[in-house]
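As written, the chains take the letters A, B, C and D, and residue 1 is the first residue of each chain.
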Amino acid sequence: MEKELFIPLILGTNRKDRKSEAAAKWVFGKLSERDGVEAKYFDVRDFHLPTDDYGTGLASQFPEWQSAMQHADGLIIVTPEYNHGYPGILKSVLDLLLKEYIHKPVSFVGVSAGPWGGTRVIEAMLPVVRELGLAATFTDLNFPKIGSKFDESGELLDTAYESRVTGFLDELLWMSKTLRWGRENVPSRFHQ
Amino acid sequence: MEKELFIPLILGTNRKDRKSEAAAKWVFGKLSERDGVEAKYFDVRDFHLPTDDYGTGLASQFPEWQSAMQHADGLIIVTPEYNHGYPGILKSVLDLLLKEYIHKPVSFVGVSAGPWGGTRVIEAMLPVVRELGLAATFTDLNFPKIGSKFDESGELLDTAYESRVTGFLDELLWMSKTLRWGRENVPSRFHQ
Amino acid sequence: MEKELFIPLILGTNRKDRKSEAAAKWVFGKLSERDGVEAKYFDVRDFHLPTDDYGTGLASQFPEWQSAMQHADGLIIVTPEYNHGYPGILKSVLDLLLKEYIHKPVSFVGVSAGPWGGTRVIEAMLPVVRELGLAATFTDLNFPKIGSKFDESGELLDTAYESRVTGFLDELLWMSKTLRWGRENVPSRFHQ
Amino acid sequence: MEKELFIPLILGTNRKDRKSEAAAKWVFGKLSERDGVEAKYFDVRDFHLPTDDYGTGLASQFPEWQSAMQHADGLIIVTPEYNHGYPGILKSVLDLLLKEYIHKPVSFVGVSAGPWGGTRVIEAMLPVVRELGLAATFTDLNFPKIGSKFDESGELLDTAYESRVTGFLDELLWMSKTLRWGRENVPSRFHQ
């Protein structure tokens, strides 16, 4: 029997009135339902980063995140767009680790208050995740006008997302399986 | 007599072993020496941001930064490159304000441990500063291999930077004077 | 009496079935109607570039474009998004010149077949125009779903664009006036 | 016996006095020497694109390129940096195809006249290749100051590149083998 794919999802904003949480939870539910997938939820708000240090030297202070990425077969990043870029806290959390990410796929869920669906924050993240060794999939999930996408109970009001999330997860799982085979079968100086 | 130009400079990293501080201090010294310029130094390490909130709602907790940008005629950002992007804390600090930045120029000092001089973090910042209303100048100052650029007392070891910093500041001051004239003389819905 | 502002607009695609032309012509009409503005229309399709050379060495073969940018006070670029980037021909045309662009503003009209309004091609252009010495304004005009925005006679079907284009042009003209004052009154090594 | 990996390399500039050609030929030589690799050289100068059309509608006019990418297991793009972006002709050639690229890796060789090694054009290409379905590797090869890197006979003067090109190709071949396994063994709506 094939080993399950382990896929963490991280919600990338700590703003008090964040609307992205509804999108993150909904996508996480869909991810968790997939056969052969073990999912784990992270929230950047739970990372109490120091104000006087930064980077991989702090990794051991966040053992759950480090361990998750060590064992991960893929990653989902749910991020709103702040001034066309990524939230500071999300970058700080990503920069905690390095070799744990190598040769694993990452997929993006972009969120915006306005009409553009976080398209720009996804473009902004591409150089970062590549340098971390992550391979970005090309099938994003975009939530424009997030304020009117979910009802008060967190129910998604737009049925078009059902097929979108299927395609989104299909591609992430394709890449997760493929890169896991590579990590296990093709020698590389990056994993020994 | 012409009013002085007020130009804050911000050091954008809080990493413990940061090398960018030497570059920031050296550029700040050169800025301060210029006739008709009042300079002010900021360090992101002095911003004790909460872990459970983000954005312009927090501006009033940082009155010195807010006031500086309200009165600023321009801005210098000194930033290292972490994984091809900006430090999280720098983005968090920039995202504290919004209308304070409009129609003011920003210039970049890029810093790297390796050979590329922070070229990539500067590219990464362009969409962000534009959305903030800042106008990016096109004459960057790059410090590659920062570990060997300064001696222990903070003295810059490479004399080529003398003429580079002159050109860099000339352009920032050109843009600062020009945009100040615009803010004071050309009506706009962005400043009344 | 104040000298008119001279503002070229360039349509950035040569695809046979291009839909961006309707947007370009509509914006050009609005630009031409503004008091104190002289507008000029360029179409990349009219640039017959060689296949065996590239760059500023070819500038003299395109005297109308060169002369326009020499005398321009600002520029509008109308561009569709192809695979998240700019059309090749648009980049080839922009790369024909260099010092002609310095200290002039540029504004973007982004066009897409899908829902995102060319947001990504605008992000992609920011490093390019900055390096050319152009100052990008921060008030874009976006035309998503361009296929249904105009009727057969080129009439715009969505009235919301009337106020949008006003704000878009207001900002370009603010920057055009301001930077022209700077070019004429503040010394710089870039214009003598 | 394992099937060979088929890896095209494309030189992305048509400038008359292009220096990138020496880098392209040198990398192509190294690629060709690798066991189990069949390499093929493309030069954008050989693509006589029309001035009045653009995009995938033209693919059938370039059957050699189309066929190569259909059968390719990976791609190397050698590109200089013009004004912080990609050469127009390179984008025009890449935009000729679409589904042929999906689930294949691409690696970048960046070239510059100045000291930054084409770092910025590589960042600029990331959104484009991702949208094409290509997976960008994270081990670039950079040639700064290209004018002094090769002697007149095309001999590379800096021996440090021997180990760099080995790491560069190792990673491309790792990804090529891995993604080929995925294309052949993991079902996807993108290849049937």
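Operating definition for what follows: a residue touches a chain if its C-beta (ideal position, glycine included) is under 8 Å from a C-beta of that chain, and two chains touch if they have at least 3 such contacts.
Just so it is clear, the structure is predicted and the values come from calculations on it, not from any experiment.
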| item | value |
| --- | --- |
| Farthest chain relative to chain A (centres taken as mean CA coordinates) | C |
| Pair joined by the larger number of C-beta contacts - A-D, B-D | A-D |
| Interchain centroid distance [CA atoms averaged], chain A/chain B, Å | 30 |
| Geometric centre distance via CA averages, chain D-chain A, whole Å | 28 |
| Chain B and chain D, separation of their C-alpha mean positions in angstrom | 36 |
| Shared-contact residues (touching 2 or more other chains) in chain A | 84, 120, 123-124, 127, 130-132 |
| Footprint of chain C on chain A - complex, ascending | 84, 115-117, 119-120, 123-124, 142, 144 |
| Chain B-touching residues of chain A, taken from the complex the two chains share | 13-16, 45, 47-49, 51-55, 57, 82-95, 120, 123-125, 127-128, 130-132 |
| List of chain C residues in touch with chain B within their complex | 103, 123, 126-127, 130-133, 135-136, 138, 167, 170-171, 174-175, 177-179, 181-182, 185-190 |
